[in-house]
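Multiple structures are listed underneath, in structure tokens.
Next come two complexes, and both contain chain A; in the first it sits with chain B, in the second with chain C.
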Partner chain A sequence: MKQHLYIEIDNCIGCRSCLAACTQCGGHDQRNRNYVYDVNPFVNRQTIPLMCLHCVNPACARSCPAQAIQITEEGAVLSALVEKCIGCQNCTIACPYGIPKFDEAQNLMYKCDLCYDRTKEGIPPMCASVCPTNTLQWLTEEELAAKKSRQQLGRWTASRDPYDALEGETNVKISLPGILQGTVKLF
Partner chain B sequence: MDQPKEPRNGKVPFEEDNYTHNIRKNNERLLDRRGFMKTMVGAAGLFAVSTLPWGAIAAQELNGLKQKAYSKLKIADISALQVGDAVEFAYPGEHDSALLVRLGENSYVAYQNACTHLKCPVFWSKEKAELVCPCHHGLFDVKTGAPVAGPPRRPLPEILLSVEKGSIYATGVKRYEA
Partner chain C sequence: MPEDKFFKAIANKTHPNEQLVPTHCSYCGMQCGMNLRVDTATNKIIGVEPRYDWPVTLGKMCPKGVTAYQQTNHEDRLLRPLIRDDASLKGTKEGFREASWDEAYTLIARRFGELQQQYGKDSLSVFSGVSMTNEKCYLTGKFARVALQTRYIDYNGRFCMSSAAAGFLRSFGVDRGSTLPWTDLHETDCLFIAGSNTAECHPTSMFRVWEVQNRGGYLIVADPRETPIARRADVHLDLRPGTDLALANCMVHLLLQNGYADEAFIREHTSGFEEMKEVVKLFTPEYTSEITGVAPEKLIRAAEIYGKAPNAVVMFARGIEQQHKGADNVCAYTNMCLVTGKIGRPKSGVATFTGQGNGQGGREHGQKSDLLPGYRKITNPKHVEEVCRVWGIAQEEMPQPGVSAYEMFELMQSKTIRGLYLLCSNPAVSAPNQNYVRAALKGLDFMVCADMFLSESAEFADVVLPSVSWSEDEGTVTNLEGRIIKINRAQRPLGESKPDWLIQVELAERLGRGQFFRHLKTARDVGDEFRLASKGGYADYYGATWERIEKENGLFWPCRSVNDPGTPHMFLDKKFYHADGKAKLCALPYRPPAEEPCGQYPLRLTTGRVVYHYLSGNQTRRIPFLRDMCPEPYVEVHPETASRYGIEHDEIVRLYTRRGEALYKVKIIEAIRPDTVFVPYHFGHEQSVNLLTIAALDPMSRMPEFKACAAQIEKIGDASGKRKEGVR
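Right after this comes the complex of A and B.
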């Protein structure tokens, strides 16, 4: 993957522009494929966008009995192939991040495909292109390396046991929140 | 707060065969039904093309494009062979056993004497005037070499002869044309 989606977690203000951009994208039929969550509800107002992490070893694709979820050369994990998906919902069960959603009417799974038609040409995905706070960034390898040199990157985990969480390599990178690094961001 | 380089779990555990998990978009055309059919047709074509050299060899053989050359071999002197007698010799190779029969005053025939059923040596029965294969009682017509009884279905290969200055020579083997 030449470029990575990068999430600067501290920057999220919960505006849900990424959701709106995704919802209004062509062919998405008013359904968004990414989500904004409260990190600590009732404690603070920190929010976090959660999009498909485009795992290197995606559980959704591995669990698909019809091979309807394809992995591109660039590392994007695509939405269900309409002609292959049998609507068994294995992927929605398998994904530890809750990304694939199921459309009962069409009997098809749908999920983020990293705006593959855009990103394969080097254009940032819709969510990243509209984010007003640079929470979602579309970084080249060099820019990502610069980020790494300045701060630690976080790891995506899925809860199983809090001290032994499932952890996989993903193509969507994440910053470690400042509170965990002992740094405070001034913007 | 060190970040381990390798994730602890969730790695691709082994080099997977892609026959059951063909989820790489690049591989899609490689292992689908169309790809399978392409492979099958391609293999069939390859086999078909690879038979062409054999066809060429067969054509050469059948059209006589490549004449087989046989060396001339002296079998026996006429004076040493009575009418109705036979003599064994080897022609064209030293292990190709053959049989010469003098049928009349000026009539000679010679055949390779390996029975065309299971290669038993055929001998000349002077009393019954026929070529006999002892293994399964195969009989051959001495005038033509054609099988007349028993299991053999093909005639014995005939050897071409020439008579010069009181000696009989083998000059070649007749092409098999049954």
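Right after this comes the complex of A and C.
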């Protein structure tokens, strides 16, 4: 059963539980590999989580000269393999979302691996497990289809030019802001 | 307990050579379920795993919960008793030396004995907290009255939950913080949330809150700040701090005026309607708008939504409770439920977000100056007799009622109280009017502090006893729903640290009162005596055995016998706990905050939490992730106000009130009212905002007015973080 990480952006309260949870994942060495941004901190407290979107054709892997970035059959784009990574940092430059980071001490790229040790056993990633607001959800295809029928799903674009948006298909799905706009009130 | 729509059957992630111990978070009243990862070879807690099968939170945790396990084996843990020989170093971290338990106990018994001999039994005091198990809370009450034989015991719930308690007692005749389980919340049609920054203080409630809106229900939030929950509210009532009573009266006024009252319910199940109606008459939207600063149309719309909702829950927290009319505020918002009959049925009711881990259970079992276990009154001879029978003491031996938490510091200043046994609390950060409180602590003849870390309060102690973290002991706590849950031991105590109940049993022996305590050899023994002591009280836990709690995913009190299923929903029979079986509608004239802004202090200061810290920060400020996310306090200022003072983002300013001053970095944000500034209260020493807050007490709950006082800002240097020379 294929499952997707799904981000309902409007729900985010900026608690950064997802970051804290990420530090608890196997092999993460107390470092988070996902991020939360303050959208407009001088105005309000709107925040958005920025996770690896696990692109179907990821720029990080494409740009890697050493084939150090593996993609699993479920579509998870993994952290660089220790034995292959040459520390060139191409991936950190190539990723349009700024996800891969570089560990100077180990001369190694590290990034979100969609908690592959958990997800391959049918357990949600740590970030989606703990997310107190259901901003991050771990959905089956069926549940994702139900979301699609209610809300418009968005694509994360990384370019300011709408006609030349840097976008591609991702395994992580996101809702567009304004999820409640089509909701019919109960009374 | 029925499984709700969010439940998913998910297997636990297991790790080789590890054991998962199911328990609950050490922090707020949500008490989120979690599994602690324990290395079986070394018996060390090394991590956390979600607990997907816990029905309230389903594996969800906030950043504090995820990292809570890190306090157990933290390098700052106290491992052996500390004794300070030079009293002149009190109030600093300096001058402590390690000692044996024997030496510490001997010194405590000698000094306590000397003080009581010279100044009487009541020269000693106990100040405790409610982040500990019911068993410890119960035993602390017994320890004060039976071992120390003093009347002076109170606890930090006075700074947190006492207004909700007093308000519920007055309205319903009983105080259970929520009349319905949290698993009902997302099924209601309208949430009216007042004075709660729910997203930051009780984040794991949020998936249920958002679901109300996802289903087409409404969310109304009353808060001076546009908190993350207020940002998405259907109506945000952005009132001035300290004006909730007017707002709530206005809601009741509009509900009555616009035909949303349930007249049959009012007639049959409430008293006091006519008097209340007379008082709320005055609170038209226009008049209320003048007091609160909220636009009349928003008030009208909020009342309309709540009135029309088939089911609705009114919820509140410290925003309305930490005022010198906090108990009145609670009753005023509860009036909304009562006039519309939206209480005593599933999906409708009233609830307070409990701030501390065991804020509910901790206030029921005798840590309060006027209460005995099971919510019995110390002034009621029948209640005293019932408890004396369990304790094995004569009725004449039961001390008189004492005074509330803040008033104990006043008695320390006047030398009525000479000695203090402090546990599980950090009043040198959390009490209001800090300069006064710190002087009171410094002036004590002898002070003992039991804590797992050297807190700011422990710096004033003569003896510091190392107690254990929540994960090294077992017992029960009562979460914000009124659900009794089980805390499990995951690791043996670190170093020579001991659980508080054991410290009290051993100290009682040294104080010559061992015969009342020495039968308590395990936490389980304390639990069984505590169940017996609560039997027959309003808060009856007798039927909640540890086995049942674990098997049934918690049990709601009252739970009077081992066959009693417990009480998830209160008042389903529409019977309230007053003698006439009715709920009381309270007539509550408006009073402004104790201190109003003036020419010299033109701003209103309000305080609160951030999501990364818990209470005085004694625990969370030591956790690297949480400290990195929020290393220091700040003052939130509206851009208009900032430009009036000529101050910029990140600039250091002096914030001062009539009681004190402190330096804070400016955080400019439009999400606060221009007439209000906000500072989080989790920081100690010169960064404590409680240096500035006012100790105006609620006459009924004795809760200080943390949420509103008059303040002023002074620019002290150039922009962008530069400071004047000589200013630290």
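Rule of thumb we're sticking to: the second predicted complex is superposed on the first by the 174 of 187 C-alpha atoms of A that agree within 3 Å, B and C clash if a C-alpha of one lies under 4 Å from a C-alpha of the other, contacts with A are read in each partner's own complex, and residues count from 1 in each chain.
Everything that follows uses one rule, which is that contacts are C-beta pairs under 8 Å (C-beta built on N, C-alpha and C of every residue); 3 or more make two chains touch, one makes a residue touch a chain.
Values in this document were obtained by computation on a predicted structure and should not be read as measured data.
Peer 1: Should the superposition on chain A be reported as showing a clash between chain B and chain C, or a fit?
Peer 2: Once both complexes are aligned on chain A, chain B and chain C fit side by side.
Peer 1: For A:99 in the superposed arrangement: first (chain B), second (chain C), both or neither?
Peer 2: In the superposition, A:99 contacts neither chain B nor chain C.
Peer 1: What is the contact status of A:184 with respect to chain B (first) and chain C (second): first, second, both, or neither?
Peer 2: second
Peer 1: Between chain B (first) and chain C (second), which does A:130 come into contact with in this model arrangement: first, second, both, or neither?
Peer 2: second
Peer 1: Taking the superposition on A as described, I'd like to know which of chain B and chain C A:121 touches: first, second, both or neither.
Peer 2: second
Peer 1: Determine how wide the angle is at the CA centre of chain A between the CA centres of chain C and chain B, giving a multiple of 10 degrees.
Peer 2: 150
Peer 1: Between chain B and chain C, whom does A:51 touch in the aligned arrangement: first, second, both, or neither?
Peer 2: A:51 contacts neither chain B nor chain C.
Peer 1: Chain A residues in contact: does chain B have more, or chain C?
Peer 2: Touching more residues of chain A than the other partner does is C.
Peer 1: Give one of first, second, both or neither to describe whether A:64 is in contact with chain B, with chain C, with both, or with none.
Peer 2: first
Peer 1: With the two structures laid over each other on chain A, which partner does A:153 touch: chain B (first), chain C (second), both, or neither?
Peer 2: A:153 sits against chain B, while chain C stays out of touch.
Peer 1: Does chain B (first) or chain C (second) touch A:43, or do both, or does neither?
Peer 2: second
Peer 1: So if I take every C-alpha atom in chain B and every one in chain C after superposing, what is the smallest distance between them in Å?
Peer 2: Minimum over all C-alpha pairs of chain B and chain C: 21 Å.
Peer 1: Starting from the residues of chain A touching chain B, keep only those that also touch chain C in the other complex, and list them.
Peer 2: 180
Peer 1: Using the touch definition from the top, list the residues of chain A that touch chain C in their complex.
Peer 2: So the residues of chain A in touch with chain C come to 10-11, 13-17, 19-21, 23-24, 26, 30, 41-47, 117-118, 121-124, 126, 129-134, 179-180, 183-187.
Peer 1: Enumerate the contact residues on chain C facing chain A in the complex.
Peer 2: Residues of chain C touching chain A: 6, 10-13, 15, 47-48, 50, 52, 57, 59-63, 65-67, 189, 199-200, 203-207, 210-211, 213-218, 226-229, 231-232, 308-310, 611-612, 624-625, 629, 639, 649, 668-671.
Peer 1: For chain A, which residues are in contact with chain B within the complex?
Peer 2: Against chain B, chain A makes touches at 55-57, 61-62, 64, 67, 69-73, 78, 152-153, 155, 166-169, 176, 180-181.
Peer 1: For the complex, which residues does chain B have touching chain A?
Peer 2: Per the touch definition, chain B meets chain A at residues 1, 3, 7-12, 21-26, 28.
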